[in-house]
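First subunit A sits with subunit B, and in the next complex the same chain sits with subunit C.
Now for the complex of A and B:
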């Protein structure tokens, strides 16, 4: 039984807290509805607006809850899309090999060579009006290639294992083999890839929104930063407009990356640091002890 | 040889070294930046005026006929290099003599312009009436020039003698104010330089003109991707007329990435005067105690000069009904737009096409507006929808007219990056939703919005109409109400983008063009009533023609409302204050 590290607990705790804040926050803190006017241009934090108001007089705390929800929704849906496409392409290429592998990896490499931010910007401009779901799909379909490459390598390795021969002899078809004998053996890796995809989708959404290309008619952490920059909140001293979304974005991205690396430790025995440290301690006693022994 | 004898770099030492190297590079970089930026003028800083807010890209053209010519050579800008005949003063509405000494109207259909006898080009040749005739005649041969409409209002332009220009107005539709406006806004070009260019080039506006020959008090010095600089022309002909030269020996316009970068430089004193939308500028002197000022030292800080409009596409189903547009007008919180979107630089907009402050105040009829206009009143909006239009609210919170027309979905658009207008439209969309309209904001690139607005391919848009000029408010009434010469949907229109039409407008517009004083006020009152009854556009806020902000750390003497030595503008008569500046150190 693998022991979960403290890093995992810290990371999972932060991710859970941000998830709860975004998903349940609006149900708990019902002081102001989204879009309600509670003040003027960058009013200071007060009892009625805990984190002050934004450039249009909305409550920053309310925006923060709904913005976190939007960013998380986009991150999760985009992560799901990217992982799904990456797994399908990578598994097919890795399992089938030959011309299929060459073709699929050729396409993947070509897409990898194009900077995804450029594609994202162009698609976002072309879309005009962008819903949250449309943004998530756009982010998903532009970030799958590296997952596909990594999954291909995993699938190519699994392909040579003996249990597949047994399955083939039992008469299993390609689809069945992939679903029941290849993909389940890569699940630990896919889990980590999904976490990384969610993290990068959240950050990419923030980048696009900061350029003014975020979801239309809503609020996300990136959109909050976009308006904070456009209205020069840094110069005017309205820290409440840019610090909270920055902190939440940083926390979320940091916690997801930490979650990914701690999951890696769980799934990959060679990376279990606490085990290695314990072994090192046993193998090499402190020099003082050795000196004492020599004396 | 033992390991200890070899000097080894520990991790800490390595990191310290990297940090020191980084700090050194940063310090060195700062020094170098200082040398190439402000320091390029070295001890010249005290003689240099830094201006910002006009030029945002590396200069590629100094052609006054190109609307994108580098500052200040594009039409109607600061008259440093090129000059026009007159400089319009937005405070008193007068035309100040620049290349002309005066303008007279011997009869209702003629204007006579007298030229400065000593005016000369930078190359020493005299500025004559022939140069003026040549310049404005380009409207016939090269219709892409900015003053292409000149011959819609003038029948002919001729040089009576070397220093007199005679303009015959169109007898069918005489409009002396529009002619004066075009004479004041457009630079006169030297015929001896431009005649060969005009003969050779069909698209004259595309000629880069990188060595401009003007008649103004400055000459082009240097330009790069980072800045454009001008040096005073000490042989300027105007010295004899004004008795002095402009105070700054050099005028430099740094090219910033965006407003925020310009504002920071301004706050630090690296820019002396600028035209930028700067949110909450009062914090610079109230909180940070910087030597910064604006025209008024309290709200609205700026002198209103234009009225950005919510343009309604009157060809869209639903928006084609004036009662729907009026219901929308009643639903908008103009006070909130002034307070947030305009950062208090505007009074709440009134439902009139006439500016209530400044030079147009003489035509503003407060009683007319109170009687026929609208203001923020959601209850009245609901009353129009439910009692006049008999509209019913659906389960989605959006009204439907009796014929089933749903009030939306409509988009309200303005270009991305125009942050004050974007915010104004966000307020409009929120207010409209609350009142039972389905309106969403849309912020495309500027070129896309321009095409959509001009072609009538939009629902609602925040867009501009004519600002204060010698022809205002006439030009604004034409821009909003007149449908003559407005092409059909799909073809670019240059005013009346929403394709509004009213049979009473043309006659009133033509009459107003020939009147002044009380008679003009009466006709503008009738036109304003038509506007208020139909709401083809909805005034959202007031905006200055040029934002005017100064930092008197290096230069003093900038005019303010307390010391109105010049108008708060850069274009036209705005050149006046350049002569009154004094170095702060002296």
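Now for the complex of A and C:
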């Protein structure tokens, strides 16, 4: 068995903590309702408002919980959408090859070439009012192409393996081949792609919100930053309005990336540091020894 | 091993087919990118027209709420209905739109009515480029150096540099910008907090203005360069670590090559993707730091986009998104062309002989 590094545990711990805070926080800390006015413009943190108030007197801590929830929802739904579309397009292209591949990859490459922020801005403007779900779908629909491209490469290499010949000979159809014999071999990669998609969706949502194109009517981490900047909380020194969402976004992005890179080390042993120990030996040890070292 | 095989394959190619192969490769790529450009232009044209109702009505109504007078509204409405040619069918509108684009005419701003969009962009663009280009170049150099040394030295230096770089590169660049702004301009006020130059100063070529602009330059520059250093260092380190374990390195060691020689080989191989990364990030010159500029109220493209969005100034938004897309497409195209010329394997792969 491969051993999980401490890095993995730290990263997974942080992600789990943020998830708990966003999903269960609003159920546990019920001091203030979302959108209730509890003070004036940028009141300092106090016993009743733990993180002070924002520009319209709302409790920052309450905003933070609901904002985290919105950002996570958008991230997870968008990540799911993007990974799903990427897998379908990528496996179809990689497995079928030929004209299907040409067509699908052509579309993928064209979308990949156009910067996603451009498409995001244009779609967000065209939508007018944007619900949380709509934003998640838009973010997912614009970010699948690189997953599709990577999955295509993987599927094309899995396609030539012998167990597929066996399955084909025993009469499995294309659909079951793809589901049972191709996709499972890419699961480790899909896992990492999903983590990356979630983190990029969370960050893109924040970026869009700060441009003024966030989910309408709700509060997300990006919207909190948007308000904090628009009402000059940074320059007036109201740190409680912008530090909490900044820290949460950073923590989340950092933890997700660490999670991805430690998963990468587990799945992709060449990246592991034991390679360095090998430097002192003249020739590479046989694979059996390497496996023993990795275990 | 794979490398030598490919090299012999490359030299075995006769001269004439290689030339026509290159031309065909260039043609294919050019067609692809023209297609992508057309899609970008089409999106830019179509999406804002999907706003329920007439875009001009929607925007003029928005202006009305914003306190613009009635007679002015009528003039603006008539002007834009005429300019968009909204009475014509959609495909004709698109052709007219293309014609305008070819002449570099991006239309007129709604919010700052007589000002042309290209004029507004021309004012903002130099600020963005002056901010981004040095940050990208310096960040690239420092980051690659750091990543290479970390991979080679290993141990605590590697662990520290890697985690630090991973942190600054995974930290959203606007979060770093906000924190730096608070720390260095508000909590400890050593640098000016807003804008590209002091209030009351105006852009001109004088020593005063340049000095003033430079003091305003540091903070946004710092916030960008830290992120670039981190990103490049992480990339370079993992490339170098990967190369350190590869067959040719073990073979070289077996031959008893000196460490310095091996390191040189490793870096030459690890550099290739990094050079590509540099070229690609130059493509994001226009649209890469939109939010940094908003955070610092820097008078660049990002701030222009932000105000345009908040004012529903649709022509400015469309002009900027088109510019961002074109910059990225051109950079990607140049990279592909350079690769096609440098590396015979890529041409061969595009013809399907691998």
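Quick note on the criterion: the second predicted complex is superposed on the first by the 273 of 295 C-alpha atoms of A that agree within 3 Å, B and C clash if a C-alpha of one lies under 4 Å from a C-alpha of the other, contacts with A are read in each partner's own complex, and residues count from 1 in each chain.
Here is the rule we go by: contacts are C-beta pairs under 8 Å (C-beta built on N, C-alpha and C of every residue); 3 or more make two chains touch, one makes a residue touch a chain.
As the structure is a prediction and not an experimental result, all values here were calculated from the model.
Novice: Kindly classify A:237 by the partners it touches after superposition: subunit B alone (first), subunit C alone (second), both, or neither?
Specialist: Both: A:237 reaches subunit B and subunit C.
Novice: Between subunit B and subunit C, whom does A:184 touch in the aligned arrangement: first, second, both, or neither?
Specialist: neither
Novice: A:13 in the overlay: touching subunit B, subunit C, both, or neither? Say first, second, both or neither.
Specialist: neither
Novice: Please indicate which partner A:173 is in contact with in the superposed arrangement: first for subunit B, second for subunit C, both, or neither.
Specialist: neither
Novice: After superposition on the shared chain, which partner residues are touched by A:114: those of subunit B (first), subunit C (second), both, or neither?
Specialist: Second partner only, subunit C.
Novice: On subunit A, which partner's contacts cover more residues, subunit B's or subunit C's?
Specialist: Between subunit B and subunit C, the winner on subunit A residue contacts is C.
Novice: In the superposed arrangement, does A:212 touch subunit B (first), subunit C (second), both or neither?
Specialist: The answer is both, since A:212 touches subunit B and subunit C.
Novice: Touch test for A:229: subunit B only (first), subunit C only (second), both, or neither?
Specialist: A:229 contacts both subunit B and subunit C.
Novice: Taking the superposition on A as described, I'd like to know which of subunit B and subunit C A:35 touches: first, second, both or neither.
Specialist: In the superposed model, A:35 contacts subunit B only, not subunit C.
Novice: After lining up the shared chain so the two structures overlap, which partner does A:128 touch, if you call subunit B first and subunit C second: first, second, both or neither?
Specialist: After superposing on A, A:128 lies in contact with both subunit B and subunit C.
Novice: Considering each complex separately, which residues of subunit A are in contact with subunit B in the first and with subunit C in the second?
Specialist: On subunit A, the residues that contact subunit B in one structure and subunit C in the other are 125, 128, 212, 229, 234-235, 237.
Novice: In the complex of these two chains, what residues of subunit C are touching subunit A?
Specialist: These residues of subunit C touch subunit A: 32-33, 35-36, 39-40, 43-44, 47-48, 50-52, 154, 166-167, 170-172, 174-175, 178-179, 181-182, 185-187, 193-194, 238, 241-242, 244-245, 247, 250, 253-254, 284, 287, 290-291, 294-295, 305-306, 309-310, 314, 317-318, 321-322, 324-325, 328-329, 332.
Novice: For subunit A, which residues count as touching subunit C in their complex?
Specialist: Result: residues 106, 109-111, 113-115, 117-119, 121-123, 125-126, 128, 199, 203, 206-207, 210-213, 225, 228-229, 234-235, 237, 239, 242-243, 246, 249-250, 253-254, 256-258, 261, 270-271, 273, 275-276, 278-279, 282-284 of subunit A touch subunit C.
Novice: Touching residues of subunit A toward subunit B in the complex: what are they?
Specialist: 35, 37, 40-42, 55-57, 125, 128-129, 212, 216-217, 227, 229-232, 234-237
Novice: Which residues of subunit B touch subunit A once you look at their complex with the stated criterion?
Specialist: 259-260, 263-264, 267, 278-280, 283, 287, 336, 339-341, 343-344, 411, 416-417, 419, 422-423, 426-427, 429-430, 440-445
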